[in-house]
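Labels for the chains are A, B, C and D, by order of writing; each one numbers its residues from 1.
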Amino acid sequence: MHSFRSDNNAGLCPEARQALIEASDGTHRVGYGDDEYTQRAVDSFRAIFGKDIEVFFVATGTAANILAIASLTDPWEQVLCHDGSHFNEDESTGPERITHCRTVQIHTQPGVSTIRTNDLARYTRQSRGDVHQPQPGVLTVSNSTEMGEVYTPTQMRDLCQTAHEMGYRVHVDGARFANAVASGDFDPNELTGAAGVDALSFGGTKNGLASSEAVIFFPQDDGAAFQRAVRAFPYHRKATGHLLSKHRFLSAQFIATLQDGIWLKYAQHANTMAQQLAEGLRSVGVEIAYPVQANAVFVKMPEQLHEALHSAGHGYYSVQRAEGELHRYMTSHDTTAEDIEIFLADVRRFQIR
Amino acid sequence: MHSFRSDNNAGLCPEARQALIEASDGTHRVGYGDDEYTQRAVDSFRAIFGKDIEVFFVATGTAANILAIASLTDPWEQVLCHDGSHFNEDESTGPERITHCRTVQIHTQPGVSTIRTNDLARYTRQSRGDVHQPQPGVLTVSNSTEMGEVYTPTQMRDLCQTAHEMGYRVHVDGARFANAVASGDFDPNELTGAAGVDALSFGGTKNGLASSEAVIFFPQDDGAAFQRAVRAFPYHRKATGHLLSKHRFLSAQFIATLQDGIWLKYAQHANTMAQQLAEGLRSVGVEIAYPVQANAVFVKMPEQLHEALHSAGHGYYSVQRAEGELHRYMTSHDTTAEDIEIFLADVRRFQIR
Amino acid sequence: MHSFRSDNNAGLCPEARQALIEASDGTHRVGYGDDEYTQRAVDSFRAIFGKDIEVFFVATGTAANILAIASLTDPWEQVLCHDGSHFNEDESTGPERITHCRTVQIHTQPGVSTIRTNDLARYTRQSRGDVHQPQPGVLTVSNSTEMGEVYTPTQMRDLCQTAHEMGYRVHVDGARFANAVASGDFDPNELTGAAGVDALSFGGTKNGLASSEAVIFFPQDDGAAFQRAVRAFPYHRKATGHLLSKHRFLSAQFIATLQDGIWLKYAQHANTMAQQLAEGLRSVGVEIAYPVQANAVFVKMPEQLHEALHSAGHGYYSVQRAEGELHRYMTSHDTTAEDIEIFLADVRRFQIR
Amino acid sequence: MHSFRSDNNAGLCPEARQALIEASDGTHRVGYGDDEYTQRAVDSFRAIFGKDIEVFFVATGTAANILAIASLTDPWEQVLCHDGSHFNEDESTGPERITHCRTVQIHTQPGVSTIRTNDLARYTRQSRGDVHQPQPGVLTVSNSTEMGEVYTPTQMRDLCQTAHEMGYRVHVDGARFANAVASGDFDPNELTGAAGVDALSFGGTKNGLASSEAVIFFPQDDGAAFQRAVRAFPYHRKATGHLLSKHRFLSAQFIATLQDGIWLKYAQHANTMAQQLAEGLRSVGVEIAYPVQANAVFVKMPEQLHEALHSAGHGYYSVQRAEGELHRYMTSHDTTAEDIEIFLADVRRFQIR
């Protein structure tokens, strides 16, 4: 029975699997990223995001986020994030241990998981500019969000402009960036570099790769933050144990999936599956808690229904939020229309009882 | 003209000054706290808070807070605090650098600066107990608060019970603990150890001493947190550069002011001055923004009045809060009724215009 | 042409490659180690090292070392290591950032890369036991060493006994542990747990796996250090970004290579290749700088010869040590006798000139 | 009976005591260094070290050292120090916790406590310049050293030149800088800024002040390290809890003792007392272990003599060094010729037996 627990529970997409096989060709390659695979992966990213970016690879999304932000900050600054974000809720105290920055949680209305410019206003107002307060550091937002919402290029541009005016740099946690891009058929660069984003954690793991994440820095304004970050990142990565020796097994997967829009094809598929799931649930009266724009479906459901589904072996997570208990269904590159239908059939069956 | 900027702008009270002179007696004393003065200061604290406490001295309130909390936590936990607290607003990223814990800001209604048990509920609800989230660590509250409110022993007991049930230890930032005790003529131990508090930063600097703060640990429950903390504190203090060699100049001041209730006499005086100031302001229609229970008076006032007072040379700070611009007047051990009257005279004078 | 640059330049051994393919079976698996593959990998380690060990997986050797040591120490302790060790020379300031402990370099005679009990004496002598000095923490040794020497079980037992008496726990950096075991056909547990070792970084990456390392904790004495370490490790791993979601791709490789002694077969092969290389070099008068007991050959050679080999495209590293410039040749699971012969033929050819 | 345990066991010199009394004048002063006393103290330092320096105040020598070095480094660098230095032996893991840099111990011959340019050679040789190794950071030397030796301006200039060429900045731990200056009647700036030193911890506490240390930064070369350090220092100081509110009580003592060469008068006196002590000991055959150039006398003495002196109540410390057990006698601003004579009389008395 298909599991909707998490897109990181899925295995490899065929292209990533094939890339691993081909990279295991019996040859020797210089370690730590100084190999041809890694250079080609960087080139693949540049073809998408522009020639002036810098790209680094790590094995986990938490590492991508905290190393990117560490490279953009001083240890006396603060990082603004949504209180429901992975950064705040699922990276333990990694942000503090690696950046030493203050994490400041931004709370939004129930049913909203995106940050808007007016959510930032209180942090301008309260900034005294003296040495006693944490200083402006980074605004980090997830796109798509952990609740499955998507920022548009316009929203990103507005956020970046306001954040920059407040003295903050902007980081995007793109563990599900592919789903955000696919959601609106956006230009990846319009959602990031061209919108003013300073750094992007580009996720592979949740889109069919094995422990493969990329950190991309975009030069903005006078380029000072960029220069500092790209100089610091390699040292931060090494000094936290995050520099992989056999880089090629990571970069080969990116080469394979960045070409021909494969990464977007899988993301689009997962998004479509989420839409079908949401429609099916809505049609039987289950309340959808957040707009379904990417590959997550959050619902409220009667306790009885939840228990019946659980007992029947359906896999998904339940979370306590300010809005009460929510149940999360993640679709992934390998979710099928049949998987959805099997699940919905049980929902309908248990609803009736 | 008397300044209401801060109680730490005041000089030494006569007893602290005399203690410094007497401790400068030309003798040698073993450094780093292994001297008779320090032992006597510890005894003075035990006479107030009970024999089973442990006491350590440091030079700043920030050091007291962050070292106390570091000793009570693991670096993967979180610390709950009021968003307007000194811990959140005035210690830069000291909490993160020394404890590595997540700082979580609790927001209360405008006009309220204390945390109540029901403010803690969301953190129970959201605690998943897995390795991904920051774990329950410490609840830190200021008594009196930075806004001049005071927790009673009953309120502290309720808070401690709830916090302990949630897996948190409790720390009190008592930079102005004397003002809290004096405010309700409370028993100091009823406000802390007997209420379930695990650690208290006992402030001297804001009550007439020179760079003198004490950290007090109270054994609670099975004593495990206490044992760990009192073992760890000396190492944390030393390994952050906070162990003073000439300890006697710090401890001598505590000996001098803890006897005969001198510390409470000064705090009571400052509180009374705040009351007089608040009454005087209220009587001419100035809005008092927070209950005046200790030695702080926060007001909203017309911009014109503020500017006139400012131009006339009156010293006080203005802060931007969710409730708008507030002006803060701190009274101290050396504020006189005449100082209050001179200030109020100007307020009345400028009001009329 | 075969490269002798590093055993981490090699690709995957066939069994690891096959394991990756099989684990990519299209199924979903719960993330973060709570899957059947990981449980089976843990069982495989227990079959070798005993039932009472605990095992954790990470992607890099640096992560294995610094997280293991962080779990065994308080942040006011010191770590003794050989000055030529990976820990001291190749992990940037990872040890300091993650453990906060002092790193203390032990220097040995030229041509010696192992630490003996009498090298530890000065650290007993100088330990004052006061709060001012870093406290005894961990002794970390590499087995096999970075220079290709191997500690025997007896030597490890002596080291552990002395270190424990001095108040230190013992960690073994086993990035090339397989080579050490194979070197003397030792019982793996006799070299570690039974010898008194508290923690082992068990390397896979340098023995044909892709970014796969295991940390093993052994209960010693009263079990207190073990209890603390196994409780702390999962938090340290998560809070530094080192918890992989798709654990199965890592653990599957261990399952595949721990069975039937495959890991030792490859290590033994690499060791044999190193012996052949050393003998060949010795036979033409090249000076071998360290005993060749594992898969590394360090030599001194005339500058001319080095340049000729370099120009001919042979891959190896040169390092500056107290004993002068040394050239390092690492053999690996895929080095062949023919590779050795081709290289030696060039050595002989260039020697003659 | 006078104690020779430590110069930080002494009380205040009369001028510091008087300064504390006068600064306790009942007035309010803005906190955190923005007061007239602090400005005047800075001016006093500029009169000695030049107009382009920046000066900051802290309460402990450890804080001065680790905050100065943190401001001059990135957290992936290394700090070279003498293995017998306060930095290595008496600051716990403060260097690691605040700077995250690697501490590298330089060992010298028995009887030598200074570092010479040729001691640095191995660190040039071994520096590979890749991301895996800790990068060049700071060379820190104590002047006068913990063993009582003094670097001359020429020696400092040579050290700074070599260190800078190697990519290191230079920090001087001047806990006893006054004794170094007085030792050779040197120009203070010739020993520091003019010699190429980047930062000096200027000690007050061991020269008759109460918890008063200054950190001085000197612009060198293109000024880049200086600019970065003076920007970072205030944040590092605050974010580690080291910013004192009542700054005036610290700075007033410096104003009082920097004028009219009072600081040097006391240091010269202590140095002279050490000379008299050393001569007296030498005359009765006690072996002096290090050159006596400042206010420390290290001796080897028969166990019987040591025990007799100890039993008679003479205060001094004994340390285990590579050269065996040494006994340390520190003189201070308040040691008198009579104190020396009383001690020597006992030495002579016990020698005879």
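The working rule: contacts are C-beta pairs under 8 Å (C-beta built on N, C-alpha and C of every residue); 3 or more make two chains touch, one makes a residue touch a chain.
It should be emphasised that the depicted structure is a prediction, and the values quoted were computed from it without experimental measurement.
Asks: Which chains, if any, touch chain A and chain C both?
Replies: B, D
Asks: Please identify which of A-D, A-C or B-C repeats the interface of B-D; the criterion is that more than half of the contact pairs agree.
Replies: Comparing residue numbers across A-D, A-C or B-C, the repeat of B-D turns out to be A-C.
Asks: What is the distance, in whole Å, between the centres of chain A and chain D, each centre taken as the mean of its C-alpha atoms?
Replies: Chain centroid spacing, chain A to chain D, equals 50 Å.
Asks: Would you kindly tell me how far, in whole Å, the mean C-alpha position of chain D lies from that of chain C?
Replies: Distance between chain centres: 41 Å.
Asks: For chain D, give me the residues that contact two or more of the other chains.
Replies: Only 75-76, 91-93, 97, 100, 131-132, 235, 238-239, 243 qualify.
Asks: Considering only the defined contacts, which chain D positions touch chain B in the complex?
Replies: Going by the criterion above, the answer is residues 2-3, 5-6, 8-12, 17, 20-21, 23-31, 58-63, 65-67, 91-94, 97-98, 205, 210-211, 235, 238-246, 249-250, 315, 332, 334.
Asks: Can you list the chain B residues touching chain C in their complex?
Replies: Within the complex, chain B contacts chain C at residues 32, 74-76, 100, 131-132, 135, 232, 234-236, 238-239, 243.
Asks: Name, in rising order, each residue of chain B that touches chain A in their complex.
Replies: Within the complex, chain B touches chain A at residues 75-78, 89-93, 95-97, 100-105, 107, 122, 125-126, 128, 131-134, 319-322.
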